[in-house]
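What follows is a pair of complexes built around subunit A, which joins subunit B in one and subunit C in the other.
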Partner chain A sequence: MIFIAPATLGFVVFYIWPTLRGAYLSFTEYSLLSAPKFNGLANYERMVQDSFFWNALGVTVEYVVINIGVQTVLAVGIAMLMYRLTKSITVRAVILAPYLVANVVVALVWYWMLDVQVGIVNTFLGWVGIDPVAFFGDSHWAIPTVAGINVWRHMGYTALLVFAGLQTIPKYVYEAAEVDGSTEWKTFWRITLPLLRPVLVMVLVVTMIGSFQIFDTVAVTTQGGPINATRVIYYYIYERAFTRFDFGYASAMALVLFAILAVVSLLQLRLLRAKESDLA
Partner chain B sequence: MTRQVSVGRTVAWILLFVLLIVTLFPFYWMLRTAFSDNTQLPGHPNSLLPVETTLGAFKRVLGLASIEEAQAQGGSGAAVNFWLYLRNSLVVATITTVCQVFFSAMAAYAFARLRWPGRDKVFALFLAALMVPPIFTTLPNFVLIKNLGLLNSFAGIILPGAFMTPFAIFFLRQFFLSINRELEEAAMIDGAGHRRIFFGLIIPMSAAPIATLAILTYINSWNDYFWPLLVGQQENVRVLTVALGVFRSQTPQGGPDWAGLMAATLIAALPMIILFLAFAKRITNSIGFSGIK
Partner chain C sequence: MTLNRRTLLKAGLAALAVPAVAACNNGAAARGDGEIIYWLWDSAQLPMYTECAKVFHEQNPQYSVKIEQYGWNDYWSKLVTGFISDTAPDVFTGHSSKYPLFADKGQVLAIDDYVAKDNVDLGIYQKGLADRWIGADGKRYGLPKDWDTEVYFYNSAFTEAAGISTEQLNSMTWNPKDGGTFEQIVRRLTVDSKGRRGDQPGFDKDNVKVYGLGYADAGGGDGQTSWSWYAAINGWKYSEGEPWGTKFFYGDPKFTETIGWWRGLITKGYMPTYAQAKSGVDVTTSFGAGKYAITPNGSWMLGTYGTLKQVKTKLARLPIGPVGKRMSMMNGLADTIWAGTTRRDASWAWVKFLGSQTAQDIVAKAGVVFPAVAASMPAAKAAFAKSGWDVTPFLEPVEAGDVFPYPANPNAADVTAVMTPAMESVMSFEAEPGSLAKANDDVNKILSANT
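What follows is the complex of A and B.
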């Protein structure tokens, strides 16, 4: 029993208790200064009418779609390249490197590289005749930029997960395809991708849950701007709780985010039939 | 046919090569900028080598330059001391890793080997906690830490992660389950208790996965931003990630101190880069092996 004691203590105090308390706080008005005051569904009613909340949700979804869409395609591409070309651990390690550096570090390095006046990326763009882009300052570019930065950080990690999945596909399937005269392109669409589906679904679920929780990059670069263009839900909750001390409302939004994540994950697992493999 | 394939392979190799460049270039650019003179940077935006190579940026962020010196070189002149933040990050990441891995290993052993009522239900509950988004528990945890009077203390930053994470327990349990039972049974017959089996048998036999988990935990803890931002703003406990955010917001007159900022990010990233170079194979393989984190 002594073995489980410390972990259970930590689990109850920092996981179970805050989960229950968070749910309770979402039905209260709480500013940290006085005790939480129960106010029923007021926070949720307010949320429905809060245009900032809907904006935050919309911005977050836009971010997730771009981030996950680009990242997944690139990761599958990278995994295929590695699978077909090289088993080199060095290549895999280099690909993974960005993932091991802090979000904050990655965000700041790109913040500098993408600077509108002296950033190297705009210099490159200049060489091919494109005018400087205010990646962070332009409200149309801000979210794709933040999404792109996190694609850069995560694509290698995701590629390695897919790569691990590729290795579970038995060789004889490919040999059979080759005998039948299937082209590389056809083999990829007809065989590799369908057999990869269970792995791909798990990767999608995990990366998407992470993607919804985008915060660090926004916090150190745009801080929600320009004009709310990057005020993602995590950042909005943070602002509500820690600059306005509106803990009840923030908890309610966090609970809604929790519910959204649960629904999205379940839907993905259902729709993409994660547990079934086509490999009989 | 053969020619076509080799053309395809060449293109594929070029793609992979481009990809490696895209991956590595930002690291190089960080290095190049950190060793540059900030006042000269705008004049040479595309110089591949550092502009007017100098250690000035590092002196600034390590608090070794006077205010006048720092401002002359394009710094904000605000007091920053990345030695201190480096120390704080070391303290937080080290204590978190040691405690979390040790306590998680104990719990994982209890889940893998000991028999007790409700064990599997409790384990399922632990796993379910993986689903809860951190911000949801973070808000009440902040209230708790505040009420305990632990804001701006190492204890406040470390405590929530010190006891366990569901992932760590899950990860180690998998390994413990795969250990051959016969050795344990032999030890039992010799009269060894669970404590002796755990310390004398299980831990030595799982040294590799425990080390892998410790490295991953260390990296995560080092890179964490959200929680230390909330509870550890004060300078004496400020960790590197939080310090970077603060530094970035102290824009000096006449334009950002890019060289200083890159020097600071380099200081924050370097320990992870070294750790990675030392354990690249282990870390890379762990991702294929543990499947999905």
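What follows is the complex of A and C.
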């Protein structure tokens, strides 16, 4: 008991208490500068009618789908290449490099590179005869751009997780497949991917929760715009709380987001049978 | 970044840790009674204020000032957490878009009694400036320290190449129908990829190399550096009872026709599309790279334009409009006292000092901003001239009294939240200027719900 006391204290002070207080604040009108006033379910009723909230959820889902979809495919691809082609430590280090750069720095560097008038990417596009693309300014491009930047930053790290998972697959299965004359392509679909499932589920759950939390890239580049194209849910919560001092409403949205994430994670674990391995 | 955790953490900490925080470095207990903490966000002004603090301490040995500087983005959230955790600075730089809410919530100190007691002469400030710091409740919340207006920053190599004289640039006219001589100049300054000008035959508006006019954004609810002067010289006002508007007029035809003309420059190819404008790092960087001939901006940007070494930048007056004169928004900063300070007398002494000519002369000599004290202005003008700027176009509307205030409002953040996407929709042609009437209804709904 005594040994876990510091951790417990930290958990209570920094997690349990703030969560409870946040839940309480979600039932109040709280401007931060004056005492919270209990207002029942008013914040939740407002949320149902708030088109910005629904837009923010929609935009966030669009981001998560593009981000996680592209990132997972690329990560598995890179992991396979690392596993089958090279054991070079240098290559592994290079692949992880983007992940070691701070989010905000990554976002700002890309923001400059993708500038429509003075950015290097549009200069290159110009050389091959493509008109400049307003990556951050066009409402159709903004979310794919933000998602792409974060794929670039995170895919190496995700690939390493998948790579670790690959190493848990026993060699004898592959030897058996080879003896039976299975092609590389077939082996991947029939053996590698099914046996990788528990690891992939873990990776998906973790990266998806992280992906829902997209905030910093938006905060330092588009700030929710153009129009409402990148007003993702965390950015909207932040705006409500810290620029509009609407803490009660922001807390209510944070709580709803928490519930959504819990349900999504549970569903993923259930549907993909995370606890069982096909190896048995 | 896990925001909800941070949010909750702050909320939770505020409730739990007030006694603990109060005892730490910034806390009231750890400092001497005469030692106050002062905040500002502009790093360029830090040296002048450090100098001011030195002089202040010499004149008032019983008081001393510790200056802390935080960038604009951190400044306001840090300040608010300071309010709730009792660790806010005794005195801080205030902004017209922010202090009304703080006054509304009782976080800034009304200084009327001090001003009366010490017989502070409010006549030393530029006309109208001191009154900006009288809140909606009629109480005074700060002494002005500086002010700003808008002009056109133009690339003089481009205007010379286009054969446009300085006189032409400084006597432009404007109207919402055809844009007046201002639009003619913008058209002439626009150059397509084949070198044809906007007023020459064969001009290709889809392949423009240099845009005549640049813009940073759609302007939100104030349009300070984008459309505010066009609307004003078209006879439009933000609200009933400026600056403490209770009813806004964003649906007014005078406003919607102004915006309709403005975005028409995109269709004509003289301004980049909204997507392009917003996709840029910022408007000054693009100006510095020679992508724009003219960019409107505020006087606080003089330093930034000064660093653009690849282009030669000059200043031109805003145009004369249908109302028969030029007009500019005039905004400014003031030093305000936190209501929770335990060092009121020391704080007031510092605010009074910063509002005096002694302090503003120090600020003026650095040539970074325009001082609020009229008598300090020549020093500032000389300092700007030394860096190559003739700042007369900024001063003229102030001297003529043809200025209008920033639309101050305790609900400014909510108004912005409605107006920013509404204006962006119009500028990106996803909505018609007429749709601003609906946004205006939303704004007025917010105002009536909160009064």
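We take it that the second predicted complex is superposed on the first by the 271 of 280 C-alpha atoms of A that agree within 3 Å, B and C clash if a C-alpha of one lies under 4 Å from a C-alpha of the other, contacts with A are read in each partner's own complex, and residues count from 1 in each chain.
FYI, a contact is a pair of C-beta atoms (placed from the backbone, for glycine too) under 8 Å apart; a residue touches a chain by one contact, two chains touch by 3 or more.
If you're wondering where the values come from, they're calculated on a predicted model, not measured in any experiment.
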Do subunit B and subunit C fit side by side on subunit A in the superposed arrangement, or is it a clash? clash
Is A:Glu239 contacted by the first partner subunit B, the second partner subunit C, both or neither? second
Given the touch rule stated above, what does A:Trp17 touch, subunit B (first), subunit C (second), both, or neither? both
Quick one: classify A:Val61 as touching subunit B (first), subunit C (second), both or neither. neither
Quick check on the superposed pair: does A:Ile78 touch subunit B, subunit C, both, or neither? Answer first, second, both or neither. first
In the superposed arrangement, does A:Asp216 touch subunit B (first), subunit C (second), both or neither? both
Mind telling me which of the two, subunit B or subunit C, contacts the most residues of subunit A? B
Once the shared chain is lined up, is A:Phe258 touching subunit B (first), subunit C (second), both, or neither of them? both
Where does A:Met202 make contact in the superposed view: on subunit B (first), on subunit C (second), on both, or on neither? first
Considering only touches as defined above, state whether A:Leu269 meets subunit B (first), subunit C (second), both or neither. neither
Tell me the contact category for A:Pro226 with respect to subunit B and subunit C: first, second, both or neither. second
Kindly list the residues of subunit A that each of subunit B and subunit C touches, one partner per complex. 13-15, 17-19, 21-22, 25, 32, 103, 111-112, 115, 117-119, 213, 215-216, 234, 237-238, 241-242, 247, 250-251, 254, 257-258
The residues of subunit A that touch subunit C in their complex are 13-15, 17-19, 21-22, 25, 31-34, 103, 111-112, 114-119, 132, 134-139, 141, 213, 215-216, 222, 225-228, 234, 237-239, 241-245, 247, 250-251, 254, 257-258
Which of the residues in subunit A end up touching subunit B in this complex? 1, 3-4, 6-11, 13-19, 21-22, 25, 32, 77-78, 81-82, 84-86, 89-98, 100-106, 108-113, 115, 117-120, 123, 152, 156-157, 160-161, 163-164, 167, 184, 202-203, 206, 209, 212-213, 215-216, 219-220, 234, 237-238, 241-242, 247, 250-251, 254-255, 257-258, 261-262, 265
Mind listing the subunit C positions that touch subunit A in their complex? 1-5, 7-9, 11-13, 15-16, 76-77, 80, 83-84, 101-102, 105-107, 272-281, 285-286, 289, 291, 413-414, 417, 420-421, 424-425, 428, 430
Contact footprint of subunit A on subunit B as seen in their complex: 8-9, 12-13, 15-16, 19-20, 22-24, 26-27, 29-30, 33, 41-42, 45-46, 103-104, 106-107, 109-111, 114, 116, 122, 126, 129, 131-144, 146, 159-160, 162-164, 166, 169, 194, 198, 219, 222-223, 225-226, 229-230, 240-241, 244-245, 248, 256, 258, 261-262, 265, 268-269, 272-273, 275-276, 280-281, 283-285, 287-289, 291-293
